[in-house]
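After this come two complexes, each holding chain A, first together with chain B and then together with chain C.
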Partner chain A sequence: MTAITTERPQAGKNRSMTLPAARRFLLWTGIVVLLAWVLVPIYFVALGAFGGRLGVFRWPKSIWPSNLAIEPMMQFLTIEGVFNALVNSLIAAGLTVLFSIALGAPAGYALARYTFRGQNAYRLLVLLTRAFPLAILALPLTVSFIRLGLYDTPFGVSLIHTVLALPFAALVTQSLFMGIPREYEEAAWVFGCTRLQAFMRVVLPLALPGLAATAIFAFVISWNEVFAASILTVRERTLTAYLLRILAESPLHYRFAGGFILIIPSVLFIFAVRRYLFAVWGIASK
Partner chain B sequence: MPARASWIPYALIAPSVVFLGVLFIVPLVQTVWLSVATGDGISLENYQRMAGDLNFSLAVRNTFLLTLVVVPVQVALALAMATMVTKLDKGRDLVLWVLTIPLGISDLAAGLAWLSLLQNTGYLNSALYALGLISGPTGWLSQETPWALFFSIAMAEIWRATAIVLVILIAGLQLIPKEFSEAAEIFGARPWTRFRRITLPLLKPSLQSALILRTVLAFEVFAVVYALGGRNFPVLAGEAYVWQNDNQNYGVAAAYAVLIMTISLAATAVYLRVLRTRPEQLP
Partner chain C sequence: MADIVIDRIAKEFGSFHALEDVSLTVNDGEFVALLGPSGCGKTTLLRIIAGLEIQTSGRVIIGGRDVSGLAPRKRGLAMVFQNYAVFPHMTVFENVAFGLRMQKADQAEVKRKVQRAAALLHIEDYLDRYPAKLSGGQRQRVAVARALAVEPAVLLMDEPLSNLDALLRLEMRTELKAVLREAGTTTIYVTHDQTEAMGLADRIAVMYGGKIEQVGSPLEIYSKPATRFVGGFIGSPPMNFIKVPCNHGTARVGAFALPCPVMDGEIELGLRGEDAGLTTDGSGIPFDVKVVEPMGSHLLLTGSIGGQVVRIVAPPVANVNAGERVGLKVDPSRLTWIDSRTGRAIART
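Then we have the complex of A and B:
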């Protein structure tokens, strides 16, 4: 503490450069511990996924990889139902992306570009969804879904997942469109574009990266959701629902393989949207 | 200047309003209705069955205990992470990426990842064995070791969902003007004082949304618990799942759902009140 006050830096900007060596060391130790905290469980579940039956029961375990092979994972993927569940998960997540963008982006555009009566009521509706444990809503939907033939379909699952992703998409796209000056659009109108043309040719290209990030978040929301997916499916399970159902009876190495497959897309997606992460969540959490 | 009101904005929000009406408002009402509707009219029978169930009080206790432990630890940990990350000059993006990876990991996968660590012949036991603390594979996740099981579930939850708090807090920190802290520093405020008197109060809106989000989700906790402890550790959402899927009793499941929703709403109301920010306090 005293070290800092005696050699107080000229400006706050490069203060970290002047941190005393001891404090820097402490900081980096802490960072390394935090990184390990996040990465180690993922590393271990990967070892479990590729270590097979023998790997699970080896005792005592070494933290270094040994006898890893692709076969255990392949075996897992060829179990009856796993591949189908994987496909169902992808369909449900894909539809969730489609619906939440198709419904959320226009609403976001309306909130960004217009003032209209009922605007605040709409915002309240969107925010209200946050105070509710949404997946629980799958419980009463079972009955109506059976009646409508939506029960046990990836489409039905994607509907409830869209309820989870839509408020998020509306809020994020709102700020996205607010960031694109309306003068650009007005200029296009002056040059004879219709509103739709102006939107398609001027606004959309600028909004595309942000929309892609929103889409990826919607995908992850659906891909990860367990409760509603398990309630609403029996045979056409998504991967999470399938894994939850077989938890009790499947051997450990299959569970780890399943866990690993669930984790991989998330890691890649978070990497893909890392630039947008804070903007998007900063907005969505308002 | 936003454009003059016309029919266009209504046409734009209409699809999402209809969608949320059909798939959010209707099921909400349906849940309440299902929970009170019994063969002949309205009664609290489902609630009585719920409260009379052996697992009920355990589930309530466990869910609350988990929330009370997990949410504060997550906020504290996320604050520590955010403070450390903002001090970095090199490698900041990489560190942030790694720290936010759990954001995209489902609760089920998180449970399974921690299972690989904590199972009988897992890495924790191997480490304890190497240190000479245990003599062979030991179980931590059964009914005989309720506290170890609780602790394991709490760890997995903290591991998974701290990232979301971190992201919200960092997004909030970016909104705080640097000048405030610099001014305080010039007047001789120590780092801890600056944090407590400047950063924390200005971060209140972000803290509020992080707390609401996390608390609502914590009362919904389910898959982590199942992945690690099966039915050894009853929680509210898990009981709702069992009543719905295994017992095929939609009424009692709905009663659980109403209970979870009520608790979530109450928690949200408390946060909104306790952590409210007056407009004049905003920077």
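Then we have the complex of A and C:
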């Protein structure tokens, strides 16, 4: 989540061209503060992660990296299970993205384009799934997952994460599709498209930026989720769940390394889809 | 090319009757305007012809083929939308080529037809631009070019000029007429702007309250309105309606007597503002002038005849002052007589 804010200042950069000097100063101050807010903690985590045992405990802390070492990081990565957990996390998050868009986008499309009985109730119900405390469901879920053979698999975890991400996916895509005029689709129909073709050729390309944002949301939700991942797995833990367990008994610089590794995939993922995000915020020319 | 037969089309939205038993025949190559105030059902009718809306009952027959239940893409038509609906993620070229690509035309043919449509609408220079970089007028041209590129049998236009500013609208109107005459496409054009309908159409269907009030050439509609609504909707200023009593086949307006088509009872006299001339000696229908508005090309006189508000168009040089009483002479053959009860015109004898 944090990394999204780091991208935002760039939005201000373009706009500032038209602002007078005083406002520009304020704007840049804001940008610097926001950047610092996000980046300074990440920086210190990184310092801790690469500084080794000594670096972590040195006081006063030096701002500049001294005697950087890759070893703590490598050691961390070679701890038994970390790499496996990282792969599990990526699988679970990837599947969550896939499922929540595959299920959420059609729901959002239906909510946006059709009026049907119980539409508002449905919209509310979708949100209500978030109101259900997962802790109450933990035991029955575990039991049924064991019965179904889903227990201790990234697939099973991704199912629960999809449930968590789905309300957002449905509601975000709904407003996304509402923003695409129906006339575009009608024009496509008139000019020879079936409903599916019209969706693929006209609606989908226009919706991509919003879908990218939805994907980020789903990815981050899954990546950061600990509780369900912890109770539904034993050996095939996701990285967050795994780290939560092992880091409690680890030296401090390992914890920093773990924290740093947790941040990286989200940042990379957001970096990969940033072009679409910018379009959502009206920067890229459509 | 194809003719269109609209056969007793009705459309209900819940309990609201948007269209009631509408029938209309559009001949091959003809340009018909559906004209009416907002909410009269004209756009609904157009969307039913396009297949974007499903009629409650009735049939649509295009070129002898009953298309009533067919999807829009199977009806062999093209459409220009009010908001253009030019796809923002495609270049102008791809927009114009869209219909051809869906027909799986080969690359050379697509190129040739796009070039021709673009030349017709003067958009050759923008072919590789994106619609976001175009003005409203240019986007409108792209929308029309996209529709013409597929060489449709039928072209449907839904208020295509209403989002343009007045000057551009005038320019596009003239151009549209020339382009469509050249293309020879059967066209149905929805508008609420009477000057557009009068200027463009071979025939106009005036719609009101989900019904077609009158179908006819622009001149017919203007000079021989079939109902009070048509007379009042078409023309600026609208037709004047003056209630007059009839006695033994003679209607009396003040001291002025006119032959009228009914023997006895009250009747409404429909009078176009420009069909009345000022008499020099004050004879004729007495007209009390209240307001004189010099419009440049003419004087617009607002006043009353027997206490009923009437607007008269006078020559720009006429010497008329507010507060004066002048005499009007009328040509009985240019009057419309309306039955007060039904609101329909009474056939002239």
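The definition used in the following text is that the second predicted complex is superposed on the first by the 212 of 286 C-alpha atoms of A that agree within 3 Å, B and C clash if a C-alpha of one lies under 4 Å from a C-alpha of the other, contacts with A are read in each partner's own complex, and residues count from 1 in each chain.
The rule is short, and it goes like this: a contact is a pair of C-beta atoms (placed from the backbone, for glycine too) under 8 Å apart; a residue touches a chain by one contact, two chains touch by 3 or more.
Model, not experiment: these values are computed from the prediction.
With both structures placed on the common chain, the touch criterion links A:A212 to neither chain B nor chain C. With both structures placed on the common chain, the touch criterion links A:V202 to chain C but leaves chain B unconnected. In the superposition on chain A, A:F269 contacts chain B only, with no contact to chain C. By the touch criterion stated above, A:Y184 is placed in contact with chain C alone, chain B being left untouched. Touch counts on chain A: comparing chain C and chain B, the chain ahead is B. Applying the stated contact rule after C-alpha superposition, one finds that A:T194 touches chain C and leaves chain B untouched.
Once chain A of one complex is fitted onto chain A of the other, the partner contacts of A:I42 are limited to chain B, with no touch recorded for chain C. The interface of chain A with chain B overlaps its interface with chain C at residues 285-286. Residues of chain C that touch chain A in their complex: 50-52, 71-73, 77-79, 81-83, 85, 87-89, 98-99, 102-103, 130, 132, 146, 150.
The residues of chain A lying in touch with chain C in their complex are 181, 183-184, 186-194, 197, 202, 205-206, 285-286. Chain A contributes residues 1, 4-5, 8, 11-12, 14, 16-17, 19, 27, 30-31, 34-35, 37-42, 44-45, 47-48, 56-63, 99, 102-104, 106-107, 109-111, 113-119, 122, 125-126, 129-144, 159-160, 162-163, 166-167, 170, 195, 220, 223-227, 230-231, 240, 243-244, 247-248, 252, 255-256, 258-259, 262-263, 265-267, 269-271, 274, 277-279, 281-283, 285-286 to its touches with chain B in the complex.
Residues of chain B touching chain A in their complex: 2-3, 5-6, 8-10, 12-13, 15-17, 19-20, 23-24, 27-28, 30-31, 33-34, 80-81, 84-85, 87-89, 93, 95-117, 119, 121-123, 125-126, 129-130, 136-137, 159, 164, 167-168, 170-172, 174-175, 178, 181-182, 185, 188, 190-191, 205-206, 209-210, 212-213, 216-217, 219-220, 222-223, 226-227, 230, 237, 240-241, 244-245, 250, 253-254, 257, 260-261, 264-265, 268.
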